Structures are given as structure tokens and as C-alpha cells.
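Some structures to go through are shown next.
Consider the two complexes below, in which chain A is the common component and chain B and chain C are the respective partners.
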Partner chain A sequence: MTKNPAAGVLDRDGLSALVEVLIARGRTVIGPTVRDGAIVLAEITSADDLPFGWGTQVEAGRYRLVPRTDGAVFAHTAGPQSWKTFLHPPRERLWSAERAQDGTLSVTGDDSGQPSYAFLGVRPCDLRAITIQDRVLAGGRYPDQGYRERRTGAFLVAAECTEPGATCFCVSMGGGPAADSGFDLALTEVLDGAGHRFLVRSGSEAGQEILADLPHRPADAATRDAARVAVDEARDRMGRAMPPVDLRTLMGESLEADRWDDVAARCLTCGNCTMVCPTCFCTTTEEVTDLTGDHAERWQRWDSCFDVDFSHLHGGPVRASSRSRYRQWLTHKLSTWYEQFGSSGCVGCGRCVTWCPVGIDITEEARALHDERAGRLRHEQRKETEQ
Partner chain B sequence: MSVPTLAVFKLASCDGCQLTLLDCEDELLTLAGEVRIAHFLEASSALTPGPYDLALVEGSVTTPADAERVREIRARSRRLVTIGACATAGGIQALRNFADVEEFTRAVYARPDYIDVLATSTPVADHVDVDFELRGCPVDRGQLLEVITAYLAGRKPDIPDHSVCFACKRRGTVCVTVAHGTPCLGPVTHAGCGAVCPAYGRGCYGCFGPSGSPNLRALIPLLHRDGMDDRAVERLLRTFNAAAFDREVRS
Partner chain C sequence: MNDLPVPHLVTGVRRETADTVSITLAPAGAEALEPFAPGQFAMVYAFGVGEIPVSVSRIGRRELVHTVRAVGAVSAALCALRPGARVGLRGPFGTGWELERARGRDVVVVAGGIGLAPLRPLVLAALDTRRAHGRLNLLIGARTREDLPYADQVRAWAHSHGALHCGATVDRPSPGWWGHVGLVTTLLNEARFVPENSTAYVCGPEVMIRATARDLLHRGVRADRIRVSLERNMRCATGHCGHCQLGGVLLCRDGPVIGWDRAASLLDVREL
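== the complex of A and B ==
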């Protein structure tokens, strides 16, 4: 955790004030809230909407909401959504066209104005995921305008991770439970004898300005220490880890692995992993016309490499088998993403593990591919020695 | 340019899918302006003999007479679109495919020899070429309009054949299997309904039939885990798309 002179301490009223101040400044505040047996991300109108006293128990293919006795508000792991639901929405209209009676066409871009978001409770893994989507969607020669507007306008309140889940593996992906940059404000929840409070640090001028409007006190040493210990301990409590090898090379050397057949037998190709992944960005476009043909719209919607039609070219799909589709997803995520966008596409949030109905575990698949490659290499070495 | 003609036919079915067309209340007048309804018994007794530009066929083929009739319909239709689980998968009446239909006729009818029925209930596409199959029990109103609109515009209808999970995730529904342990056919079922059941906390029961790439064999252990025995799984799979799911189980 970086030392910041602007650090302060908020109590629960301070957190309530944060939500109020953000709303008063015209922002749509999105935060974690309990709905349908899960902690989802949705618009909140008060800090009372936050999941005080709720935690989560997760495993591969299993998620359960569990009550907590300590009243913690950020002690839960990734739910079924990520912030991409808001920055890169599931469906978005790109333009509309009208045909007038004389046959002339007019095309209107969808510039209805983007909401001014404030995201409350962004985990460090998700901060990294947002940075990755920034490169994919807002970088390069053809930035996604809608994404860029929503993203640049968004105010990010990070919540450092003090309660990793059984499917979390951010540390092995080069991340960790601490928020170092990429936020306007960062909160670290502290629960001890001195009460329920939040160490708050600002990471931008906008953050500094909001913090000034909140009832808070200067950060004391005890709160700083407790926050640091909570985050440090979280680092050692990740439920899972990727094998400690160069995953990029592993994928490249595993294209013909037998393991793909094994995982294909279990994979439902339902697409859940890509939908919950905070970095998966693929979309398709849909042309909508009305019955008269005088009005047309182009919509962009989430698609997935697990959809057979996603790779449909002239004559049929390129990746017809589930083996080839799972392989495409994993090798892109962990390997070819580097060539395309300069980093891994995985931040270790564990969503794909938790929300896969059959519990396919990306860390277990990577480990199996690693073991298979090691076996193959041993076999080749033995053959060489024998010769 | 003459107005295209639309015809609606039914074979063995409950009429629910063709009623979906009448249920398009907001669009009905516009539709009536874009097509001439030439044959639609649910809407009008004024019938014209065809040929038709677009025929919507509901229902499955269960009798030799149905089989003959659907060939006639095909011959009179430029485009033939089948609508609903009966027409695209044989419907719930395909349960007969797993039993002895002669035994049923003997048990039910005083004069079974009056009954001229096929041993199986089959989708229309088993008998004639079909231009497009629209799934669902019943079909979704928005999808039905999309198929008709696409036909009028001369384009391919935008009807994805991925799983219901896509729809749940897009609308932000919490997964009922992962979060509640509720048995759900969503991961193997064709999207199109908008994922209605999971949005109300219950599992999908597959009324749109198998998706484009279902892996039923991988899902069945989950149904067992979540409390279903073999009999319950069989009953879940043997509803409106019984024959289609059965084919997947055997594949």
C-alpha cells in the first residue's frame, strides 16, 4: 500500500456520505447489493443498499451467499457480473436509419449521452480488468466511442481485498489484493475493537475533491496498520493459484494436447465463462429492421467464442468442435492476448471458475496442460537418451 | 410490386404458436399492411388457395394425412417456416415415439381400427424441405416478428442458436444452478425466450429444445447432484422437445 498524505478514515456515516455526495454530483452510483441470492452490481441510492453483513462461499461451479456476524460490507468475492456490464454493456445501439417517403436515407449515430458513473467497491483484480479493457476497447486505431465516454467519465472507488475466495488466484496472475493505482478513491475495510471503519486514500484530483466533502478524520497509525495487515493476510489466503510457469509458452506448446478432449467432454459450451469474465470483450452486431423496412437500427451485443456461430464464415463455423472453442478461449486469454494487447487477458478474479455450471477450473486446466507437457518432454528426453 | 401473401397452417398442435401471431397486437396493423393474409383460420374464414409467398406451419406430422398435407403446403409455398416445438421437434406428442402407439389406440378407442395414425410424431423437416425453423413452446412473439420482418426485407433472421445462459447473463439474472443449486436445462437449451424462468428463480425446462451445441451428457450429472434421480431427469427432458433431447442423449 502506498503512503499517501491524503489518507483518512471514514466510518459508516462517512461511507453513506460518499454515496450521497456522488449522487448529488449527478452520478449514477453502481455498487454491490444483494439480489436473488447473490451479491450483484446494480445502481444504489444509499449506502444502506450495500451488502452489510453478507459474505460469500464459493467453489468451482458453486456460489452461496452467507450471513456474516461482523457486519462487513466488502467481505465478499466476485459475483456474476463485473463492471463491464456498465462500461461495455450487453446490448448497445450504435446507430439508427430512417428512409423517408422519397426514398432518402438518414443515419443517426446514437449520441443519446452516456451516464456519468461512479463505481463503488471495485476490487484490485477488477481495476486491472478495467485497465485491460481500456487497452482493448479504448486504445488502438478504432476506439469504441461509447466505451471511451463511459470510461473517462467514471469515478472509481476501489475496495481493497481483505476476504479472498476459494476460486481467487489474482496473486499468481501478477496481481494482488492491494489497490495501488487506477482509482479515484480507495477504501480498505477495517473491523476490530476500535470499530467498523474504512481507511480511505485518494488517487486522483477528483478523488481528493470528493474526499474533502466527506466527514472523515486523518488516518491514525492503528487504522493504517490494521488495513495493511488485512490486505497482507489476504495475499496469503488466495484459494487457488496458476501453475508457476510461463503460461504464454505453455499454451503455445499445448495446441495439440490431449487435455483439450478431456475438457471438451465436460464443457457445456454455454458461454457463461466469457460472459462473467471481466476482460472478455467480444461482440457481434445485429441489424434490426421494422416490418415496413423504413426504420433500421444497428445493435452491438455480447457474443462469445463458445457460440458456434461466432466463428461462422462462408460455409460454416471455423471452430465447430467444443475442443476447438475451449482451446480458443484459453489460449487467447492466457497467451495470444499478449501478442494482441501486450498483457495476459486473465486477472485471476475466479469468476469463470465459480460461475461455470460444471465447475471447469482454469487453474486446473492450466496445471493439467503443464503436467501433460512435462510428461511429453520427459518422454522425448528418454527417447533421445536411448538413441 | 405486389404485396406478399402470408399463410398459416397447423398440423398436430395446440394452436398456441399461431395465436402468438395474433398476439402481436402493436404490430398487427402494420403487418396487415405489409402482407396479404391469404390463409389463417384462426383469424379469418376467408381463404385463398395459394400459392403463398410465406407459409408458417405449426404442428407435427402424426398421421399419413398430415404427411400428405404438408407436402401440398410445401408445393404451394415459396418459403416455408416451421414455428414451435411441435413443428420443429415433434412436440410433446412425440412421447409416443418411446411407446407402442397401437397399444394406446386399443386402450383409448372403442374402434381402434378407425384410427389411422403414424407410429411417431415427427417435425415437418423430416418430411419436406424447410426454409427456417423457429423454436419454442410457444414461439416468442419478438422472434416470430423478426422472422417475418427478415423475410420481408430479404435478409437472414437474427435468431441465435446459443444457450439460454447467454440470455441470463445479458439480462443480469443470477445463475440458479450455481447460486441456488436449482436444476436447470439452460446450458443445453436454445435461447429465444429471453430466459424467462431463471429470471423468476426457477430452472429452465427446455421448451426451446437443444441449443446449437448442447452437451447433455455433461449436464446430467449436475441434475443428479441437484436432487434429480434418473426418472426425474427423464421427465425433465421428455416434455415439448422430447424427441430432440432424446436424440442428444443418444448422440
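== the complex of A and C ==
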């Protein structure tokens, strides 16, 4: 955060100017668009590409675009993708290898250069998800260079959340609808009698500089208040909540719970939840050779812990049952992530709930595990007092 | 270099068992890897086939030996290499055995089958620094005599009666077998060590690791002084692919060698 964040008010033309200025500076601007019946993150060339007048209705296993009469542009909830599609792409070439006629081997990295992105409309939950992936992919002993370049080169325009969905639970994961840090610019959409406008705040020097280039007026008290109220109200309208218990301990003490059989009976192990999750980072590798057989390429692609081959070891999977694979996913998200990367792996964006074809709900599973553990403890206490 | 495989030349190939081969590798050009410690592993790249983690089974000045068992496409390709062939290497990765943890204590090395491979550089290092620790034991179990890697060296060790107490046992004896018959843990009875003042290093199939660690613990070896090497699928070795998770442990980064104090509860849970 900069010491003196600049603030201002943009109208719709100001938003258009923001897109133009970012493009003029050579950035590939990615933002929400309407495509195939969903809000899809894609390259935009003007603010007209943004989903003005579209909202979303979500439930476990259900997602619908719904028109809005107020013309709001950031009133939709998380779609099927997240920014990881761009920062940690689904497919990426790691290296190319050549075998010369005398058998010598040469390996070259992929230095094709990384795009300079600007992300427009990053939700606070997704800002957190990005910092979580930063720790995984760029924070360890061997930073992923491609990720690091894309990430440090990206300009982030946050959009504070004023319309949480029925599957959202960021507040119970320690986040919230407000954007406090980690952005270059933050927008809060305000729609009231005084018109459709955006409170804009800078969170970095780069953000301050861009803001100076935009037609905007000073932030007035009425707009500031309206923005604060909209975000505060969003905080109270979260559709879901995680049970208020220490999830780390809960998972650690639930490895042999019966609930895993219950969820395994419903889970299709399709891996959708891992694909849509903004923090899930697992990948596998593939070797691709051309017809001559003297040129090979190593590719990385997203993988899912729900795939039976994921844990393949000497002729068989370690996690053969769906029970063990769902347990791996949930315990990783909510518990073992802390040991590995120092935080939870879940930001409460609700995507896994919305996009699960059978509507499996991570908050409901956690609650069921909590109830099962509570029952177990009661039973043990009773046994102790009887003795 | 950890991102890109560094080309290496195969300078030697030695068949160890029916499905296991040791390949000796030297840098093909000016670029070489950082030095390996016993217990660490490399990602070995077979051109056009793929890459697998293989621990180092001998650490030379310029050369490294990797012992590979043919269980999949990449390992089969590596086992079929001839001298003069090229492979790529990334590494070194992971935690080592850390022989310094045994300073002033008896050393108990227990290997199951090809689990001897990552332990061999540890034994050689321990023989080189004999004065730094107490008595040195090497106990090896295999299914049959034919499944025992480095058979000549093991036989020489077993008959040397020198600084190293070496015992070997097989499940099923064949004619000419010179060692014991039975589980590797039975060899602990003859080993020369004071459990309370010993450090153990164990590698082999998971069932064997479990049985050995429990036995050692029962005899009085402290859990954190029982070092075991574990194995999971690995794609990247740099902590990013997620495949080598064992609970909260990322085996490429926090392992492959971890203490039994940490491993015990993880190996207790089925399909973790």
C-alpha cells in the first residue's frame, strides 16, 4: 500500500478511459465478459465488453445469468474461472529438447516472454487467492519463473464485493467483501439517486499514476459513504458460512471419519472443484515428441487430486477410493495447506460449491465432520464418566 | 540448475538384478549440478519419454550413480540405456540422510531390496568418517538372493568383520545363499548397537519401513533418530505439482528422508 492512497470517483466514461489507458500502456486487459451463459474472464478491448446489466444466481450445483435493471457491472459472483487461468495457465511448455545426430542432447527453456496483464474486477476473495498462489508458486526455494514474471508484471484492479452470492462464505474464512491491500486500484460500484459511479482508490504507485491519467472527480463524502454501506451490507449477506471451529484441528481429527463414505457416495470424482478453485495449483507433466523423434517438448498441465492416476506409484494408485480422494482435497484445502504454505487453502469464494455437478458443499461437509466429531467426543466422555 | 535438465553422458551401465540397473552419469558439457548428499535425489530425464525421481546411489567426484528399477515407461527407458547415451538431470533435491545426526552414536542402517540404493552412499560416507560415530551396522533384507542389489559388495561387507557389521537375509533362500533367512528385523538381534544411543536409517517398501521402525522404537531407539525415506509420485521436485503430498508433508521438499516422529502417524492412515 502506498502511504497516501489517492481516491476519486469515476463515472462510466472514466471506467472506459481506464481500459483505454491500460491498453495504451501495452497491457492485455482481462475482465469479466458474458459468454456461453456465464461470466467468463477474457481479454477485453473496451469497457463495453464488461457485463453491464448482468447478475448471477447461484446455488450448490447451479449457476444462472440473470439480467439486472440497474445496469450494474460488478454485481455478479465468481464465475467458472479465476485469475489462475492467466497467472498459472492450464497448459505451459516447460522446455524443448533436441537430440542431435551424434546423440548429444540440448535443452532450452521457454523464454518467449510473458504477457503484461491488467486484471479488471478482481474480487477480494480472489485477491487473497492470488497471494496464496504466490506463496505456493513463487514463495518457496524454487520459484516458478514463468509465474513470477506474469505475476510481478500484472496490474490488479480490484472490485469490492457488493453482491455476494448464495455460495459465498469469504467472511467465515477470515476475508471479506472489502479490498484492503494487494491491488493497484480498487473500485467500489455505487448505484443510487446520484448516478452510476465508482469510488476508486489507489493501492500502489503504479495505481496512483494510472489514476492521475483518468478523468475523475475528487471523492466526495456521499460516494464514500454509499460505497462503505454497500460493502458493509454485503458482509452481512453471505450466503454460507464455515462452522466457526478450528478447521485445522477438525480435519486432523477426522481422518477416519464416517462422513468420508457419505460424501464419497455422492462425489463423481470429476475434479470440477479443483479446476474452478482459485488456489488449487496441482499440475502434471507430459512429454510430446515430433515425428522425427529428435525434438521433444515437456509440457505442464493442470491436474486434479480427484484423478485416480494422480497418486500412481509402482503400478497402482495410493488413493484408490473416492473417499480417500475427497479427503485429500478437503484436508489439503482446510488443514495441511497451513503446514505446507502457511495459510488456509480456501478463501471462501464458493466456486467449488456452485460448479459441483452434484452440489457437494464444502461448508456442509465441514459441518458434518464437526458434528460427527462432537458426537464422538460426547460418546467418549460418557464412557469415561461411566467407568 | 533446477528448472532445466542438464545433459549428462552415460559412462557406465551395470545390471544389478533382473529388473534393476545402475547407470553412471557424468556431465556432458561444462555445466554440472551442485554436489549431492546421501539420501537426496535427482529428476532423471529420458529424452522423449519423461522424467522420474531417482535417489543417488553413489556420489563420485564428477560422476553420479543412479540405480533404477524398471517399473514404468521412463524407468524402463533408463534401464535400457547403453554407455554413450545422454540423459538430462535436475537436482539435487530433498532432504538427505544427514549422517551428522549420528555423531557419537551407533549407526543402524536397514535396507529392504532396492532400498539399499539410497543408503549405499550413506554407508560409504560412514565408513569414511568412522571415528565420528560408534559402531556401524548394515542390515539388508530381500525377497531372494537375486533381488539383492550390489551383491558382490554386500557379500564383501558381510565377510569383512571390520568396522562394519553387515548382515543379509532373504525370504526364500536359493542354493548357494550365504546369509540368513527371514525378516530383516530378525537381524536386529545380532546387530551391535545401544538403542538409547543410536541413530537408524531405514529404506525399503513401506511395510518393511513400518515393521523396522516399530521394532527399533520398541528396542528403545528414539523416534526422531529413526530416519526413513518415503516415496510418492513426483512430477516437478520443486514443491509445485502437489503429487508428493503425504498429509502436510511435501516429500520433494520436506523429505524424502523424514523422522519417524513425523512419519509414524502419516503411515498409519490408509490411502493418505
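We take it that the second predicted complex is superposed on the first by the 380 of 387 C-alpha atoms of A that agree within 3 Å, B and C clash if a C-alpha of one lies under 4 Å from a C-alpha of the other, contacts with A are read in each partner's own complex, and residues count from 1 in each chain.
By our rule, contacts are C-beta pairs under 8 Å (C-beta built on N, C-alpha and C of every residue); 3 or more make two chains touch, one makes a residue touch a chain.
Fair warning: this is a prediction, and the values are worked out from it, not measured in the lab.
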Touching A:P90 in the superposition: chain B (first), chain C (second), both, neither? first
So in the superposed three-chain picture, is A:G203 touching just chain B, just chain C, both, or none of them (first/second/both/neither)? neither
Looking at the overlay, does A:E287 come into contact with chain B only (first), chain C only (second), both, or neither? both
Give one of first, second, both or neither to describe whether A:S106 is in contact with chain B, with chain C, with both, or with none. second
Contacts of A:G182 with chain B and chain C, given as first, second, both or neither: neither
What is the contact status of A:P164 with respect to chain B (first) and chain C (second): first, second, both, or neither? neither
Should A:E339 be classified as contacting the first partner (chain B), the second (chain C), both, or neither? second
Both chain B and chain C touch chain A; at which residues? 287, 289, 293
Quick one: which bits of chain C touch chain A in the complex? Just the residue numbers, please. 2-7, 28, 45, 47-51, 71-72, 84-88, 231-233, 235-236, 238-243, 245, 247-250, 253, 269-272
Which residues of chain B touch chain A in the complex? 27, 30-31, 33-34, 145, 148-150, 152-153, 155, 158, 160-163, 165-166, 169-175, 177-181, 184, 186-188, 201, 211-215, 217-219, 221-222
In their complex, what parts of chain A are in touch with chain C? 94-95, 97, 99, 103-109, 136-137, 140-142, 144-145, 255-256, 281-285, 287, 289, 293, 296, 298, 300, 303, 305, 310-315, 318-321, 323-324, 328, 331-332, 335-336, 338-340
Can you list the residues on chain A that touch chain B in the complex? 35-38, 40, 42, 61-65, 79-81, 85, 90-91, 265-272, 275-276, 286-293, 301-302, 304, 306-309, 322, 354-358
